[in-house]
Structures are given as structure tokens and as C-alpha cells.
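Order of writing sets the labels: A, B, C and D. Residues in every chain begin at 1.
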Amino acid sequence: MDFSIDSEQKALRDAVRELAARRAPQHGEGDVPVGPAPHDPDTWSALAEVGALGLPFAEDAGGLGASAVEVSLVATELGHAGVQTAYADALVAGSVLAAASSDLLSSLVDGSALVVPALAEPGRGWSLASSSVHASGSGDSWTLTGSKGPVPYADAATHLVVPAAADGGLALFLVEAPSFADGIATFDGSAATQLVGPADGATALAAAVNLGIIAVCSEALGAMDAASTMTFDYLKTRKQFGVPLMTFQTLTQRAADMYVSLELARSTTLFAAMAIADDPGDSATASRAKVVVGQSGRHIGQEAIQLHGGIGMTAEYAVGHFTTRLTAIERTYGDTRQHLASLASSLSDHDQVDVLA
Amino acid sequence: MDFSIDSEQKALRDAVRELAARRAPQHGEGDVPVGPAPHDPDTWSALAEVGALGLPFAEDAGGLGASAVEVSLVATELGHAGVQTAYADALVAGSVLAAASSDLLSSLVDGSALVVPALAEPGRGWSLASSSVHASGSGDSWTLTGSKGPVPYADAATHLVVPAAADGGLALFLVEAPSFADGIATFDGSAATQLVGPADGATALAAAVNLGIIAVCSEALGAMDAASTMTFDYLKTRKQFGVPLMTFQTLTQRAADMYVSLELARSTTLFAAMAIADDPGDSATASRAKVVVGQSGRHIGQEAIQLHGGIGMTAEYAVGHFTTRLTAIERTYGDTRQHLASLASSLSDHDQVDVLA
Amino acid sequence: MQHRLSPDDAAFQQKMREFFTSKVPQDLRDRWAAGGEPDPDDIRTAQRILNAEGLAVPHWPVEYGGSDWSMLQRHIYLQEMQAASVPPPLAFNANMVGPVIAAFGSTEQKDRFLPPTANLDIWWCQGFSEPDAGSDLASLRTTAVRDGDEWVVNGQKTWTTLGQHADWIFALVRTDPDAPKKQMGISFLLIEMSTPGVDIRPIQLIDGGHEVNEVFFDNVRVPADQLVGEVNKGWDYAKFLLGNERVGVAPVGSIKRKLAEAKEHAGSVQTDTGTLLDDPLLAARIAELEAQVMALELTVLRVAANSREGKPDPASSTLKLRGSQLQQDVLELIVDIAGPAGLAWGDDSWTGLAAPTYLNFRKASIYGGSNEVQRQVISSGILGLKG
Amino acid sequence: MQHRLSPDDAAFQQKMREFFTSKVPQDLRDRWAAGGEPDPDDIRTAQRILNAEGLAVPHWPVEYGGSDWSMLQRHIYLQEMQAASVPPPLAFNANMVGPVIAAFGSTEQKDRFLPPTANLDIWWCQGFSEPDAGSDLASLRTTAVRDGDEWVVNGQKTWTTLGQHADWIFALVRTDPDAPKKQMGISFLLIEMSTPGVDIRPIQLIDGGHEVNEVFFDNVRVPADQLVGEVNKGWDYAKFLLGNERVGVAPVGSIKRKLAEAKEHAGSVQTDTGTLLDDPLLAARIAELEAQVMALELTVLRVAANSREGKPDPASSTLKLRGSQLQQDVLELIVDIAGPAGLAWGDDSWTGLAAPTYLNFRKASIYGGSNEVQRQVISSGILGLKG
């Protein structure tokens, strides 16, 4: 058990930190974009250039042969700088492409293709267990029928990875040049390529989403760290009633609770990255990380605004943007409640949760 | 909608307040009883004398023709003084006796018989829907087989009201002079009298338990009120670091939250008493009250000890005893989780919860 | 004790329900129910419909349009209004400046301002908060210096909600900088927004909307007859205004409507085994919120009966505190129900509005006295815990 | 970064597991696992078995029985000990007075006290808290006045855990009442409980047990060689003692064992549809606690690697704070699982012990530095928020 990073990892982290600082959104007087950010090709190219997009994939598949740990370092820096990207989504898609030994992976890694997963379905809650999109066909000839969406970064995606119900179970398909209406992709007997067949589809999808969970948890960790630090600094510098806010014990006690939440999320995220690097199919650890980060992110996001007061509500100040992003991340790849329900169904599998294996 | 009490109710409240003050446990140096209290015949006689035991039952059945509102006033005073009794249990049993027009009700009301319900079962969670005790027989001749317990006040009970599975559903039986081992009553073909048949058993039991819920919620209200007041007083008088504890903002902010919890519980308990007085079968309101009081009681009980510090942990100081009782009440007649699950299963029955009907 | 409505109150309830659902246009109420940035014309239309029926300012003196209702009736009125998704009369008019003018203004001021205030012919905004003050409202630095028959105002206000639509602003200004306490030397001034030297800048919030503003005063000359009550007594009037009422301080009807919508939404989201309304954890959370909102509503009803009208009232703090918490909890629940669909913003569907609305209402525990201030009012004003 | 144990650490883990489960008698461990008031003989027996194997005081200097383990190994040791329900070496001996004597005592004191302290031949108790001090430990008023070769002690201590079994007490006493700050002028004194003038009174707690005591000193004469370190430096030693270590401050292994027991209990309670372990709400709560306890354990492991041994350590506050919360949450969960059966007290079944144990551990957020104090240490010591 070792939480320290080596010099190569440190170099990667520093490179991405520098990149993220350059690509970070600028706030200040006047209107700024809020909420989900569109795809930014420049940021994406820069990420491809530092090799971020290929980190967790084997070298012989066109990846860089690093792991979820390096993914976590990258995503943490993006989150800390408030840079929203398709990083997690591309890694989920890339993980499926890697499982399928798809040639497209190299284009994903070099940034020339933007491949994203189409997991959500209109009018349906989050589920990895089923898909209302149906696949029919065989061999090289498949068609899909049904709808998926909202699809992240639909405006920019060149390809979709689509889970669909096929004979024998859930299979994973690639759709090229998808078309969208309001972020929804509707397949009407549309041609698709099978990436992973029904025998392995659910397993490959779970592993891919686990990697995505590591990426978004890490991004959340960066955002929580930044929002907490801003809040602590604000308490030190902002005066009210003639004294700094840190004079008010109710605020400093709550700041301490924020710090505890942050540290719990940090430990859990780092551990989960190591665990998923080791066993991409360890969905229990991914779910536990999603729960801990979801709860910490909610706590820190809400308190960061509350302890700032009015200024925290404004778009010209960064802290509310972090809360916005944390709110989204808690509902990405399954929310806290859904991961708890999943964990609750497997309590009998183990006596205790063993982290020292 | 009127939360005020009339002069008759005020007289009842004052009488019970005076009674409760006389019967209140004495704390101080040296060991005192902790946890569940045994039956105290003197207190019980005193309650019978002021008419408390017959309040919610019709006069022609031997009751006093008052209602759950008066029950609530009595139980609140007992809770405030820390007087533990079989009051709620006797009312549950009495409600079943009243439904059965049983002659025994008058003995319950005058205090000569202590009739309690045997609802819990060894090794089984709380349920009003089923019973592992089976009844067989017909007419005046019934026998019961199975176990119930722990039975409250088993040492002193003269009769038990026992729900048992009969042909056609849950029926309610009376068992005289029950015998116990470790608080468990085991029926081995034991003779019993049917009070309510399977057609009405579940309904009668639900109404009886709703009355019990009003009694324990009210007792909890009294205990919360007393524990909160002690805590606020302690913050005013106790000095630390050379200043009164109320100088510490983190404590006064938490005291404010305790007060809010208390007031929410107060409004809900009073309303629920009125609602059950009007419709004894309004289990949804009883469940909501149990949830609100359960959560408030947990919050106030825990904070009352924490804000007191070490002294709150000691048996010679009253505040911990209130917390003990609040802890028990939350698990009496179904706990918060179970009432939430029950409410959750009937969400579609209504658009909004309407209190102004 | 009696939990049922009296026949009179039940009839009153029925009358309100019928009025709100039949006399205020459905399309207007649908827009209000959907949320998002409010349309000022809808607010004007609704208030005028209410005012025509004598229902815009029921808690004002009867001679200026008020009704002599019981607290319970006022609650029923608000509950039915919110249940029907009728935009409430603009708070700055109906609940803030109106009662202050009615209580402390001159007869001339009452006659001049109250009718157009009730009818929203004047749209008021509030000039209390300042950039460096935060919860320490009394440390305000905007000054008004007397010059002949005028006050000359300089300074800056902020968090001025819907100020971009306003015709007038009621502002706290410092008229005696040498007063021994910061709460003294403050006056309550009415200023027309079109007066030269008044400038307004919208502030964007994290949901993208622009509901608050900064207002700048640069040598703004205000006629002396626009000062309400006595010079240097403005803080008293502000306290009166802020602690004015228990009824309405917690938006119970709106919370209940949102919670009912949440159930409807949950029933519309399919899962592998049914709908989200069948999800045990989500359903339990809804049940819990229903119980907690019931407790809040009952507390509103109970404490309203003991109201001390016209005095700052710590019981209001209980309702404001708990009301904002539950409002935020219900809005957060809707984000959970929206799930992956809520990750997309930018359309007016309930899923698209879920997250921005939740984020917007983080303000509820900050604006109008933060929850920390409310707790402070409770602990000192009710519990007697003087720090 | 590496989450698996190295082969050496895995072997160490295996060795510890085997030792604890095979060398400490099962019946003793079963009694400890059941909870309730601890049997002092079981504590003595266990500590002596450990000490015989060199496992009672691994964090002491090697020459006095310590082992030169890594922080990770110390965590593994504690985790396995707690998982096997082995009573830990008495904290007053192993974690408090022992390290202080080892760090600041004279050679004579070390040789005299450390071996019997490690072997629990001396049972120590702690004399820090006083009735009027509460969290303000430094305001203590028990005095020690030098008289020849002796100190004469007068005053009162309280919350002295297991003091009724103790042979000796280590106490903070005021030796210079005129010191300019209350933290100065305090000394660290070792006092035999059998000394004339020492009196002890057990305090009953709300669970009915007697684990804490008041200790009274009436002209108690203490040989001067029983003062540890320098006169008037006692506060420094107390701070050393209180902030001594990160590993072990959160009882992760015990919490995990209790949570595993909770699952077992839940599986044993029948419901209308299966067992309580199938109850979606209860199961989700267990799953949540498992995740939160995992987060705590990982934080212990992560911060342990950065320990600053021997200095008061605000990171310990994080672990103490969160550890006490989770311990209390798990014990409360067990009360829920016990349900109606838990309403009866007085036997040693898990249902009968559920509520008293829960109530007893409300102390966890008060004793040893309340959670409010821990938050204060975090906010000032880590975040730099100086009130």
C-alpha cells in the first residue's frame, strides 16, 4: 500500500497542470458560459499531445501502457482547473475499443476521432444492465433500432459506442458519424459494427464504466480541492462585522468538516484508481468510490457556496462553477443512490471490505 | 385548525404534570436505575385515578370519552418528567378491548388489570402484517401456538393481547395470566379468547397501534423538550475557557437547530393526535409523525449529550436518561426506516399531503 | 384542539382555489410552474388580476386594499396560490416596501405609493445589501447628504433582485455618519430608478440567469419627501420589514407543488423493474420529504396563531431556516430523478431545468438573511443564548 | 502508487492473523467481542500474551520492547488485533504513559516503570480532566506543592477511565500557580493509587456501567522522583501524549468487525419477505457505512505514511473525528437491527447489549478531545483558520 507517485507520474501531472492552467475558463465581470461546456478541440488536441488519451490502454493496442492511476492524475488536474472535457467519456469508449482490439483506438488516442459512449436513454433511469436499443444481424452486418441520449458531446462526436440488446445478452456496437436531434441519437435500422458480443458485452461495459468512474471521481477530487481551498482562503481574507470570517467559530468548524470530506474522497479516489488499474472489473470498489466522492462532492459543493455567501452564487466567481460540475459528476455513470443499491445487493459476498489484500 | 387547548384539557395536563413531578426519578450521586424501567404500581394507580387510562375510550365501553388529544397531553407530561410507564402499551391493548367491547376494558381503565400487547416476536423484525403465532379453534374455544416477545412489562402484565394468524387473516386474542421466560411468552396450545376476528383484526390492530404511536410520540416530545431546555440552560450557566459555553457560536448554532427539530416534532405530534382522534385508522399520519419525531428525537438526544459533554454521559444527570428513552421510542411500534418504507409504498395515493382538510 | 377547517375556512379555501385556478390564465401558470427565469409581464399580469379581486395585498391595512383575514386564512391563500402556480405578488411591493409605507409613511406617501404598489404599476426593488457588508447589513456605506429639499445619494448596492425590471428602489442610506452605533444614522429612502446618476448592472448567477444586480448611485438627487418616516430611524423600519411576518416566510405551497412534481417525474422515468417511483430508496426519500414538509407546514400554522404582528419575530427564523432547507432538498431530489437526462442543460424541459434550478436555489439559504443569521436570531431571540 | 501489500507485508499480516487467532484464547476474545463492561482479568491476560511475544508495545523504543515497524505494519497489527477481537494493550499504559516515560523520563524511571507497564503489572489510569475544566484541560486546579523530597497533591480529577482497576495514576498537576499562562506551571506526576489520601469514586454512566471515576487527592505525598521530565513542563508532555500517533486513533478494525457483526445480525432477523439484510433501506445503509469505513481506513493508511512522530498532529484529529462518527453510526445501526428485541436490556445477548452499547459510545465524540475540539485543531492547525 503506497500512495506516493513516482517521477514519471509527477512529470505527467505537472504537464497536465500547466496545460489545464492555460485552458482554464476565465471568470470576471460580464457573462461567462455556465453549466455543461461544449467540446473544445484545442484543449482536446493538447490532451492528445501529452498522451493523456492513451494512458490506460496497452501499447500494442495503440495506447501508452500506463493505467487508471495516470488517468486519475490527469483528471484531477482538469477538475482542479475547472476544465471540462470529454476525457472520461472518451476513456469509456476507448476501453471498449481496446477490448475489441479496434483500429479506431489509435485515432481516439491521437485525438483525430472523438468516440463517446451512448449510455443514457430518453425517459429511462441509469442502467448498465439493459438497453432498449435492439441489435439484429450477424458477423459484419448489424443494425440498431432505438434511441440513446442525451449523449455527451453529441455535437462533436465522430463515433458512438452503443450498448444494445442482442440475442444472448448485451452487446456493444460502434456507430459512425451519428446524427442527433437535441442530443438524442435515434437508430432506425442504422448500420453498426459489433465491438463486443453478448457473451462479454456486460463485462466489457462494466470495466469501461469503472474507468470512467475513476476519471470523474478524480475530476471531482480536483474540483473539491479547488473549491475547498478557495473557501478557506475566503474565510481568512473576507471581513464581516469588522473581523475576518474565520473569527466565526461556526464557519471554521464547518470548514474542518469540509476538509475531512475532502481527505476521505482523496484517499478513496487514489485507492480506487490503483484497484481499477489492477482489476478493471472491480465494480464494488468503483461503486464505493462513487459513493464517497458523491457524498463529499455534495457536501463540499454546497458548503463552498454557503460559506462564501452571495458571491458564491455568481458566475463571475469560480466556486459556483465547481459546485455545478460536482453536481453533474454525482449523476454521471450512476448516482450515489444507484451505486448504494448495487452495493447493497452484494453485501453477503464479503464479511468485511478488505483494502489490504 | 386550532392548536390551543381548552380549560378541561389544561386541567388534565396540570394534574398529570403534578403527578409526574411526584413520580419522577430522582438522580444524584450514587447508582440509579438505567434503561427500561419496571412497572411501578403506585404510578399506575395514580394515573388510573386521574382517569388517564380511560381517556380515548367511549364512555359506554367504560372509558372517559375523551380522545387521542388528551392522551397526548398526558404522555407529554410523563415524558417531560422522565416517568416511564406502560401507558402506550395499555392504550394499544385497551383500543383492541374497546373494539371487541370487552368487559376487561373497565379493569384496564381503573388500573386493576395491566393488559399489554404482545407484538414483537423472537428473531423477527417489526411487522403488523403477519404473526408467526397461529390460532386454531372457533367460537369460545381457541388455542395459540408460537412465541411472542420481548413483551413490555411482562413481569407485571395480567393479560396479553396477541395478534395471531387464523383462518382468513390476522385475528386478535386475549391471553390471561400469561407466563414468561426472559420476557418471551411461549404459547403451546394455550387457551385464548378471540377479541377481534380475521375480518377486522388487521384494521383494529393498526388503529390500536396508531394510538400507541401518538402516546410514544408525545412522550418523546416531552423528553425532547426537557432535554433541550436542560441543554440551553447548561450553555448559559456552564463556563469553559473562562466564559459561558453560549459564547461559542458553534454551540449556539447547534442549539438553534435543536430548537427547530423540537418545534417540528411538537407541531407534528399535536396534529397527529388530532388526526387520530378524528380517524383512528389514519396510519399515514401516524407514520409521518413517527418519522418526524424519530428524527427529531435522535437529533436532540444525541446533541443534548454532546453539548453537555461528559456530564451528559452520567446516570446522575437527567439528560442521558432522556436520550435513552428517545432511543427506545424510536424503535417502538416500528422504527423510522420501517415507517418510511410503509409510506413509500403508498406515494401514489395522493398528490400532496393535505393537512387542511 | 381541532385539525379540521371550520366551515367558513373550508369555504374560503374553496373560493381561493377556484379563483386561482380559473381566473389566472393556465399558460401563465404553466410557465411559472416550469421555473427558469421569470417573465416580468407574467408577474405584472398575475398581480393585477389578484389586485382587481382585492387579493394582492391582503395583509395590508384594509383602507389600502387589505383584508382582515386570520393567520390561517392567509396561510390558505398562500397555499392555494402556490399550489396553483400563480406568481405571488411581488415581494418587494407586497411584503416589503408596502407594509413599511403603510406603517411609517406620511399620508401623502401612502396615497401616492400604495395603490400603484399594490397594482404593480410601480415595480420596486430592494437596496439594502452592499458589496462589503454581507450578513453585516448595518455596516452599509451608501450615503445620503441633505442639500436643500433633496438628499444626495452616493454609493453602491448589490444583490438587488429583479432590479432590472424596477421602476423604484427602496434603499437604506447612511444619513448620519457620526452616529454612535452603526445601526443608528440610517434612513429609508425611496428612489426612482430613472433619476440621473442611478446605474444598474446585472450579475450573472451560476445557473446562467440574471436575477440580481448591482445598483450604483452617483450624486443622485432625491426629493426629501421620499424619505419614509423619521430621518435616522431607517434601521427600525428595515427590522420591521425583515421580521414582518411568519406566514409566507417559508414557501410551503411551492415546496409541496415541487414535491408533487417530483413524484410525477419519478413515475415517468422507466427503470429495469418499473419506474423510479418504485425504487425503494428514492421512494423512501420522497416519503421522508413529505413528512418533513408536513411538519414545516404544521409549524407555520401553529406559530402563525401566536404571531406578534409588526415586531421582528424569531419564529420567522425557524420557518425561513427550515423552509430553505426543504426547498433545497426537494430541488436536489429532482436532480436525482432527472439523472443522466439532467446532465444536459439549455432547454425548458424539466430535466433540462433540474440542475440549474437546484443551483439557483442554493441562494435560498443565503439571501434574505443567511441560515447562519437565522440560527443566531433563534439562539439569541428565543433561547436567550447571548454569545 | 501501489495498493497491494508487498510480499513482506503480506507475510507480516498472515503472521499477525495467526498469532491473534491462535494464541489468544477464543473464550476471552468472544467475551471482548460481545461488548459490555470489560473484564480486567481478560485485559491483563491478553496484554501479557502479547507482551510475551513482543507485541504489546511495538511503537515503543526497541530497547523497551518496541519493534521497528513501518506505519503500515502498525496499522496491520491493529487491524488484525481488532478483527480477532483481542483486547488491545491498555491505552493508558501502551499509548499514553509509556511513550511519555520513554521519551522524557529518567533512565531510572524507564527501568522502573516501562517493563511492568508493558506487561500490565502496573495498571495505569489517567488523571488529566477536572470537574470544572471540560475541554479547557489547561485550566486544571489540582495542585502539587514541593515539601522536601515530596510533592503534596490536593485536588480532584474526573472521567478517569477504569481507574477502579488501577495501581497507578499519571496526573497533570499545577506546580506553579503564578505562571503567566495557564498552560505553564503544570507538571506530570506518577502517583500510586494506594498512597494515603487518594480516594476514588466510580461514576455510573447511562448504560449502567462504571467505567469512569472521580479521583480525589487529599494531601497526598508523592516522592519527587515520580515527577516525569522537568518541573512545569507537563503540558508539553501531555500534548505529546495526546497527539502521539495517527495509527490507532481511529479504531478502524473494531468498527469493521462491528459492521460485519451488524450484517450477520441483520441476516438473522426474519422479516415478512426474508431477512433484514434484504431490506433495501437497511442494506443500503450498511453498504454506505462499508464505503465510508473504507474511506476512513484508506485515509489512516495514507496519512500514516506522512506521520510526524512525536509532534501533536492535526491529521490525528481528522481520524479521531471521523472514527468516532462512524463508530457511533455503526452502533446505532445495530440498535436499528435489534429493533423491538433491543427494547429489553439486561442480558448479554447482542440485542440486549445493542442500546446500552450505542449509548455508551456517545462518549466517543466527547472523551479524549471532543469532536468540537478536533475540528478546532483541524481548522487552525491544518487550514490556518485562526479564530
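Worth a mention:
Note that in this section a residue touches a chain if its C-beta (ideal position, glycine included) is under 8 Å from a C-beta of that chain, and two chains touch if they have at least 3 such contacts.
As the structure is a prediction and not an experimental result, all values here were calculated from the model.
Looking at chain A and chain B, the chains that touch each of them are C, D. Between chain C and chain D the centroid-to-centroid distance comes to 52 Å (mean Cα coordinates, whole Å).
Separating the CA-averaged centres of chain B and chain D is a span of 38 Å.
Chain A and chain D have Cα centroids separated by 40 Å. For chain A, residues that reach two or more other chains under the stated contact definition are 248-250, 253, 337, 340-341. Counting only residues that touch two or more partner chains, chain C has 280-281, 284, 372, 375. Taken pairwise by the contact criterion, the protein chains are fully connected, each one touching every other. Only residues 1-5, 9, 13, 72, 76, 79, 83, 256-257, 259-260, 263, 267, 277, 280, 283-284, 286-288, 290-299, 301-303, 305, 318, 321-322, 372, 374-376, 378-380, 382-387 of chain D touch chain A when the two sit together in their complex. Of all the residues in chain A, the ones that touch chain D in their complex are 1-5, 9, 69, 232, 235-236, 246-249, 252-253, 255-257, 259-260, 263-268, 270-271, 273-275, 278, 287-288, 291-292, 295, 337, 340-341, 343-345, 347-348, 351-353, 355-357. Within the complex formed with chain B, the chain D residues making contact are 129, 132-136, 139, 158-159, 203-208, 212, 268-272, 276, 279, 281-282, 285, 335-336, 338-347, 355-356, 358-359, 362-363, 365-367, 370-372, 375. Considering their complex, residues 248-250, 253 of chain A touch chain B.
Across the complex, chain D is touched by residues 280-281, 284 of chain C.
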